[in-house]
Amino acid sequence: MTSTQPALGGRIDTVEHAAATPDHPQPYRELGLKDDEYARIRDILGRRPTDAELAMYSVMWSEHCSYKSSKAHLRYFGETTTDEMRAKMLAGIGENAGVVDIGDGWAVTFKVESHNHPSYVEPHQGAATGVGGIVRDILAMGARPLAVLDPLRFGPADAPDTKRVLPGVVAGIGGYGNCLGLPNIGGEVVFDPSYAGNPLVNALCVGAMRVEDLHLAHASGVGNKVMLFGARTGLDGIGGVSVLASETFAGDEAGGGRKKLPSVQVGDPFTEKVLIECCLELFRSGLVVGIQDLGGAGLSCATSELASAGEGGMRVELDRVPLRAEGMTPAEILSSESQERMCAVVRPDDVEAFLRVCAKWDVIAVEIGEVTDTGRLQVHWHGETVVDVPPRTVAHEGPVYERPVERPADQDALVADGPERLARPSTPGELRETLLRMVASPNLASRRWVTEQYDRYVRGNTVLAQPADSGMVRIDEETGRGVAVATDCNGRYVKLDPYQGAQLALAEAYRNVAVTGAVPLAVTNCLNFGSPEDPGVMWQFQQAVRGLADGCRELGIPVTGGNVSFYNQTGGTAILPTPVVGVLGVIDDVRRRVPAGIGAEAGETLLLLGD
Amino acid sequence: MTARIGVITFPGTLDDIDAARAVRSVDAEPVALWHADADLRGVDAVIVPGGFSYGDYLRAGAIARFAPVMTEVVRAARRGMPVLGICNGFQILCESGLLPGALVRNAGLHFVCRDQWLRVENNETVWTTRYDAGAEILVPLKNMEGRYVADPATLDELEGEGRVVFRYLVDGDASQRYLGIDSPNGALNHIAGIADARGRVVGLMPHPEHAIDALTGPSDDGLGMFLSVLDALVAA
Amino acid sequence: MARVVVDVMPKQEILDPQGQAVARALPRLGFDGVTSVRQGKHFELEVDDDVDDATLAKIAETFLANPVIEDWVVRRVDA
Amino acid sequence: MARVVVDVMPKQEILDPQGQAVARALPRLGFDGVTSVRQGKHFELEVDDDVDDATLAKIAETFLANPVIEDWVVRRVDA
């Protein structure tokens, strides 16, 4: 199937048409834009946006893509990072993933992301595509993905819905990661009633590269070509944008446009595996100037971010995009979240070689445009202009909110309600019963049912995986240099005291890395919280960020990246605030790792450190 | 002079680098073979490694067996070239008819990754001479479609001719018993690996290439397979 | 005793990697002329005669298929 | 253009744990009266008109099904 003419019968909303029809009503509210946000878009463009532009702005200005509620707070990470902490950081917050120098010419990149909401709707595919997304982020830095970890939170273990969600999530993470050939080296499984209607599915990926191979997402060099490669673009995850099709074409003979589309995406791990190998060969052959993965917000995100981070503009011929569905509109193509796609900037002389490498791996690749010096992102559709915007306004200059922050009124009561009033076991019999209850409790029971579904051996470099305090992989077979990664968070502590709770999560992950013999180097995080429109949640968020940042300064290791997931709540009730912290450490020689466990040999001496 | 052992890469193959590492670790030379080339590059033996060739989407191994390189492997195997299929490689060898039977979804329906004890039932194949008969070895097992099945006549033949090479040791393994299975995957007769009639083509679900170094695997019990074939090739 | 067949297919607009893999492989195997393949699940049920159509529909919708990503068809067949 | 359906089922003598798992789950979900479930694959192909029955049979036998473990049925359906 090649790209088809619009089959919906309606006319495509071009820039020219938009300029001529300023009063044409647009469904911006259905797309999640506020009145003032829509006004600002009109202001930026000096006219109403076209459908395609509206689709781009609405997805890129969403909470998920623009960090509009969290930006003001996340700045604190930068403010508290000293030059000394920055010394080993090759890329930090703002790039696809943070990168640190681990010595011997090696750089390591890692990041954790959430896929909470999709995993509730369709646990298997939601979790699978979560893994796929984070792996592409790592790949887009120029690194070979090495391993994954999966911090998970579910409702009560015996709740009926947990029986739907948990097995699906685990099968999805395993199914995708195993098929990609990435060992799963750790994670968490935590049960708490607050996650019953809103499980947390976070996925962390770590990758490595030679320092000189670091690829940053930018489109530079006027005349360079923009290549789209990987899977075809379909109607996946278009979600809200489908209202545009129905609005614009309502009442015409095509019958009112699209029916409601499922907002879930289905993953194709095989295509991603081939895409990884293809990208790595492209990097090795020096054929890539800039690269960006297509994740949330699809081509809207990739083109605007590449152009925005580059020096000029970009022209895109949207009708060249290989499609999977018929009759897709420009707005739909721009916002499709079809998985397993990448976008690269390539020198004109290299296009042929680029296409050859893709052909070798059976990866579909097309040139969809080029880097220009116009300072604008211009998207064409069968010869007409459907998007003409300053790319920064889409990608980097979205709205920023200072949401109200307020310590919840019931916080004092919560803190005052300590364990003192709980009965303590006083007889040996009660002690025994308490112990047995704890051992059997879902939060302390063996995780084998989960971890046995994950391949921890593939690639033959896994030195530590479950059961271990942190996962460890070897990076350099000659020298034995490797990295250790752990993730932690106790949401109950964070709820009691978000500042200290976040520091406890950091300290735990830091310790888990340190006890394996690795030296902690960098921090990533996935900040899972309730609604930012709730001042109490915003207080939790603000406190957690401050706690984490201050803790990092104390320990002397920087936050190199992360992810914010808001709106984790069931009805009006937010989840336990869950800032999952990932710490990465380096070890010169993995043969000197310290495995977990005591009692391997008779006569060992046990020492207790700390108090 | 050492042996040159080919390691095939299909789209979706994962454990090719592990297999090559195992070959190197016994001082043989690994030779990369590409699925699309009908060319074995003059190798002395071939390993079909694990992974998810073509995503295992239709059936594990169903698409890979039609690759040009497999036509050459089948031809060479019929002439007696040693061939080892590991996991997905075993599935591919069954699909291509070099080995009898088939591998289907684990009876527990889940992917299973664990350290698995095996008994070496036949130490006379070209891939197992370094083991003592009846030796018990610890090797990783990791797959979704690892349950070996064959019709009763084929099973009788395999058992009668001593062609069951590895068997899962299931004593005391209670982990799957709630599913009514007393092995990791419900394989008939607890079969983990089999050989062709000449003992030159061997396929097994567990991964000897992940057990070559106690640093990265549960043991180095897997090395014996690579040393065995090297003995045979160097002696020849 | 009645026999019932339920076919469950990925929705048209949903990616079907399995069907795609088959479709891409066929020409390589020398089979031309197959322009599209979709792969789904096929269930064969034996049910008591008193199980009515509404119940069968319910079983398919709530359990055999995932309505978020799949369509399904239930049919009774002669044994 | 013709539409062809291929149903592939595990052979009767082969254990079908997927089907069994479904059968075991149904009573727990409150659905009684289903005495047996078997699960297989359902393929829908679009083929050019000049693809004959012999070719379709070949595609099913050599590729879509594994005769060692599976049975299959090919049928043309009206579009």
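Think of it as A, B, C and D in the order they're written, each chain with its own count starting at 1.
As a working rule, a residue touches a chain if its C-beta (ideal position, glycine included) is under 8 Å from a C-beta of that chain, and two chains touch if they have at least 3 such contacts.
Please read all numbers here as calculations on a predicted model, not as lab measurements.
Taking B-D and B-C together, the pair of chains sharing more C-beta contacts is B-D. Centre-to-centre separation of chain A and chain D, using mean CA positions: 38 Å. Mean C-alpha positions place chain B and chain D at a centre distance of 29 Å. Our note on geometry: chain B versus chain C, Cα centroid distance of 33 Å, whole angstroms.
Taking each chain's centre as the average of its CA atoms, chain C and chain D sit 9 Å apart.
Along chain B, residues 54-55, 57-58 each make contact with two or more other chains.
Contact of a single residue of chain D with at least two other chains is seen at positions 63-64.
For chain A, residues touching at least two other chains, in rising order: 268, 270-271, 362.
Interchain contacts (touch definition given at top) occur between A-B, A-C, B-C, B-D, C-D. The residues of chain A lying in touch with chain C in their complex are 121-122, 125, 231, 234-236, 261-262, 264-268, 270-271, 324-325, 338-339, 362.
By the touch rule above, chain D contacts chain B in their complex via residues 10, 13-15, 17-18, 21, 63-64, 66, 68-69. Considering their complex, residues 1, 7-9, 19, 22, 25-26, 29, 31-48, 50-51, 55, 58-59, 62-64 of chain D touch chain C. Those residues of chain B whose C-beta lies close enough to touch chain C in the complex are 54-55, 57-58, 63, 66. Residue ranges on chain B touching chain D, taken from their complex, read 58-59, 62, 94-95, 100-102, 104-109, 149-151, 186.
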